[in-house]
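Shared between the two complexes below is subunit A, which pairs with subunit B and subunit C, respectively.
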Partner chain A sequence: MKNIEKMKHTDILIIDDEIKFAAMLSKRIQLRGYHSEICHDGKTALGWLKTHGTAVTLILLDLQLPDMYGTQVLTQIKMSHPDIPVIILTGHGTEQDRQECEQLGAYLFIHKPLDIDQLMTLLEKIRETS
Partner chain B sequence: MIKKIHSYLKTIWPEFHKHKQNVHLESFYTFTDYWHLWVMSIFILAVTALAPLGFVTLIHYQLIQQSVDSELNLRTEQLTSSTKSSVSFFMEERLNALIFTVNEMGYDQLTKMDGLAEILKNLKLGFGGLSDLSVIDTDGNQVAYAGPFNLEGKNYKNQPWFSESLKRTNFVSEVFTGYRDVPHMIIAVRSIKPDGSFFILRATLDTERLIQTLSSHKTGTHTDIFLVDHEGVLQTPSENYGQIFTRTKLTFPTDQTQTKVIMDKHQKNSPIISAHCFISTHIVSTPFVLVVQKKKAAMMHVWLEMRRNINWTVGISIVLILLVITFASTFMINRLYLIDKTKAETMLQMEQSQQLISIGQLAAGVAHEINNPLAVINQTAGYVKDLFSFTDEPQKAEDIIEHIDSILDATDRCGTITRQLLGFVRQFDIQIKRTCLKNLITDVLSFHKKEAEYRGISVGVSVPDTFPDMETDSGKLQQILVNLINNAFQALDDGCCLDISASQITPKMIKLIIQDTGCGIPEKNLNKIHEPFFSTKQDQMGTGLGLSITYGLVKKLGGNISVQSTEGVGTCFTITLPIKIQEGKLA
Partner chain C sequence: MNDAINFMNIEGLKFFGRVNASISHELKNILAIISETTGFLNDLTELAKQGKDLKLSLIESCSKSIAEEIQRGFTTIKQMNSFAHNVDVPIKETNLGDLLDLTVKLSKFLSFASTVHTPAPDQKMKPVLTCPFLLQNLIYQVLCFAYESVGPEGKVDICFNSKDDNGIHLLFSLPVTMETKDFPTEKIQKSADVLGIAITVKNSEFILWIPFSSDKITQMASLL
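Right after this comes the complex of A and B.
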């Protein structure tokens, strides 16, 4: 691995029920020198955040999860970890969803498919500001 | 001018007469045959309006007819009575003169030379109508004679009138020709000679004078007044029956004393009013029957004039009523047609709008379904590229193949969705084809698959394997399913159930039940849910057209839809549909 030695100790939490998508995204992020963690439902993600929340730099959150709505997860994350930026990553979010998420404090609202370079640029920007 | 009339006619010519069939609009019209409706409307209104008019006119006719008949009868009866008085007086006067002469003169004076001639002369001067005078003894011998005929010495013993004269004190004969061979009648008075035997004073009456008396009562040319004997033989000439002594078919009951008026028919078949009465005097009864006949047609001109006026009035009234009814019916049916046409056009627009809404709802589902595999393709392909960009180590072929398989799986998913979508779009064409209901339900549900998974909605489909393929408009059937399943998903809370079941109830009909455990419909709204624009959904989520269009679509497919719902428990839509739709029913 070219950049493995440059592993930046930054955790990115991916919350998405699409297993293959989440796995590939996670691997690509890791290839770019970041840590990433995957949760496939809202409850697991919120539980994981309780113990590992402090290390998380960015959260990628899908709106449609098997157990909860993405907006519900977002609300709880913002209550427990208001400083972690949350990027909403959705397959078919409406304008209404976008407005609701922005009101709830989402950092960005992105439609799938995701451009990894755009994500990396955002991540660098977040790291610099924090 | 003609152009103006033409353009005016064009504006009042009703729209429904120009109606052209339109397969898309036709099923939305409330009434299909406006021509029939128009004709029926005119017919019913015309019958309602004209029947009383006809009835009243008929009664009016009858009343006038009866009144005219009664008037004619009265007039004829009065004429008969007055003529009878004149004829009776004519005979009674002359009979009294004879009685006076017999009693005053006695047998000897009467048989004296020139005595009788002097009496005849005085009687002619005093009364007229007497042609001769004679004295006849009991053996029939004419003892004395005064008159223009040479009848002296004649014996009347065998004459019927003579034997009748002997039996009665006074006698009036029928008209006969006798020895003189001229029609005449006689009056005779029986008296007693000084020796105790009978003798008869006989006078011959001139029938001309009698005929004149009858004629003097004629009013107009259509009145016939004549005398007949009891056997119906004419005693005076008649316009209707001919000359004197002609035998008529008239018969009279002998006990009839009153004047009798009857409606009869003349031999030429023209209606006549006939009155008759027996002529009798205070002194003696006569063999004569007075007959008065009036041709009805001649007396009817007043009635005919009145009837013509009534006919004109009724005729003009009927034409006016029919014109008003035609105009009113045309106006009303035309208004009805225009309203119906507007409604049909609006309903067609609604149906098309509803189709667009359905497509919009589908598009959202499709975007979600396709975006997810696309994201997988995107990330997997990106990862494979990364493997070569970020590492120098050679990659194992199995790993690469595994990722490529993932990409292929994802493209398969996309392909399946686009195929379903294409199939779905094709269903909007109007056509009857073999349709598998189970596949249709599965297709529609596939767009709700993710939503059902996320929301924990359990969806059950129960269609038996023996369920037959339907021959119907699958586009319409699909839209029914989309509308009802969309509605169910909107009504369902997370974790609830949706059950769709189908069964064959008769060889020709199937039943489709879509049942949810959602919020239900309040009882007060149950009757309104099929009305257009009725919606309980807030923030303009619903158009209020879904169930109205669904109701229309089910009707178009020749089926029925019913709904049972309990608020808070759930809703159950039951649809019955024919397995094979009739071609003509579909539009």
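Right after this comes the complex of A and C.
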């Protein structure tokens, strides 16, 4: 919360079908001075990335989406935007899911609930190295 | 009949596991929302400590959201409890409306669930003698097939036709353009056979004919 007033133009794309969760997470991210976008399904997210992908620093991706498996979305993101780190944020991902996502190029695999301070630290780290 | 009971046990356990996994996913989602909302309240508190104005409307909206999620949690636990108690008595007289209502609610926890329209439960509906747990498994499988066919944006209409003297027709209507040639799957057909239920497909409608009682169910009851 120290840098709450400092406006940072970093985009985080949240891909999660749980509307309230995504909205609340987005508010907390924005409160910290970052800009975030939300997509509730895989197809919308992939479509959005086609036009806005270059502005995205980090993607938070849920594994259970209504229209596609999270791993399918991850595969397509890695094909179209290989440089964007994708964090898998899941409610019930298994060890097998974790291994599969890592093989597909996920940056990190974490379980809900999310530690927002940990996320902000990661985001800063990614921004510094990119 | 032993084969049927073996099938029942294996499929029943799989079904129980699948539903419980979807319920735990739902509960975790609820807790994740509550967690983010309380986190947001903490953020606002920190800002207030730094001298920023605290908007009461935000606090009010967070409080409302938490209360809604707690209620959603209670409802989910109630459904989980009803589902768990369905195995208490293996064969019993069952109100199809109530059973359908609960099964549809449980199926809505699936991430790929479509919109479903169901008739309101009717307590005057003649009950059927069946294995409620297995019937629920069958209806759940049909719903999953329908959801996968129509997609998350699609719609499934369900209704009863109780004009038959020997049983009730349960109709699942999909949009007319849907391909239904793969229905019923082998597993769905086997689940229906065990319960003495006949399946027909008419255009884009799946019809389950559920007898008020059947020899298969009576036989099964004597073995359980």
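One rule holds in what follows: the second predicted complex is superposed on the first by the 125 of 130 C-alpha atoms of A that agree within 3 Å, B and C clash if a C-alpha of one lies under 4 Å from a C-alpha of the other, contacts with A are read in each partner's own complex, and residues count from 1 in each chain.
Throughout what follows, contacts are C-beta pairs under 8 Å (C-beta built on N, C-alpha and C of every residue); 3 or more make two chains touch, one makes a residue touch a chain.
Predicted model only: the values in this text are computed from it and were never measured.
**Student:** One more residue to check, A:126. First (subunit B), second (subunit C), both or neither?
**Tutor:** Neither subunit B nor subunit C is touched by A:126.
**Student:** Which partner does A:116 reach: the first (subunit B), the second (subunit C), both, or neither?
**Tutor:** Both: A:116 reaches subunit B and subunit C.
**Student:** Does the superposition put A:65 against subunit B (first), subunit C (second), both, or neither?
**Tutor:** both
**Student:** Which partner does A:41 contact after superposing on A: first (subunit B), second (subunit C), both, neither?
**Tutor:** second
**Student:** Should A:104 be classified as contacting the first partner (subunit B), the second (subunit C), both, or neither?
**Tutor:** In the superposition, A:104 contacts neither subunit B nor subunit C.
**Student:** On the A-aligned overlay, A:31 touches which partner chain: subunit B = first, subunit C = second, or both, or neither?
**Tutor:** After superposition on chain A, A:31 lies in contact with both partners, subunit B and subunit C.
**Student:** Same subunit A residues contacting subunit B and subunit C, which ones?
**Tutor:** 1, 18, 20-21, 24-25, 27-28, 31, 64-66, 91-92, 112-114, 116
**Student:** Hey, which residues of subunit C end up touching subunit A in the complex?
**Tutor:** Its residues touching subunit A are 21, 24-25, 28-29, 31-33, 35-37, 39-40, 43, 46-47, 50, 65, 69, 111-113, 151-152.
**Student:** In the complex, go through subunit B and note every residue touching subunit A.
**Tutor:** 364, 367-368, 371-372, 374-380, 382-383, 386-387, 390-392, 403, 406, 410, 450, 453-454
**Student:** In their shared complex, at which residues does subunit A touch subunit B?
**Tutor:** Residues 1-3, 18, 20-21, 24-25, 27-28, 31-32, 64-66, 91-92, 94, 111-114, 116.
**Student:** Which residues, counting only subunit A, touch subunit C once they are in their complex?
**Tutor:** 1, 4, 17-18, 20-21, 24-25, 27-28, 31, 41, 64-67, 91-92, 112-114, 116
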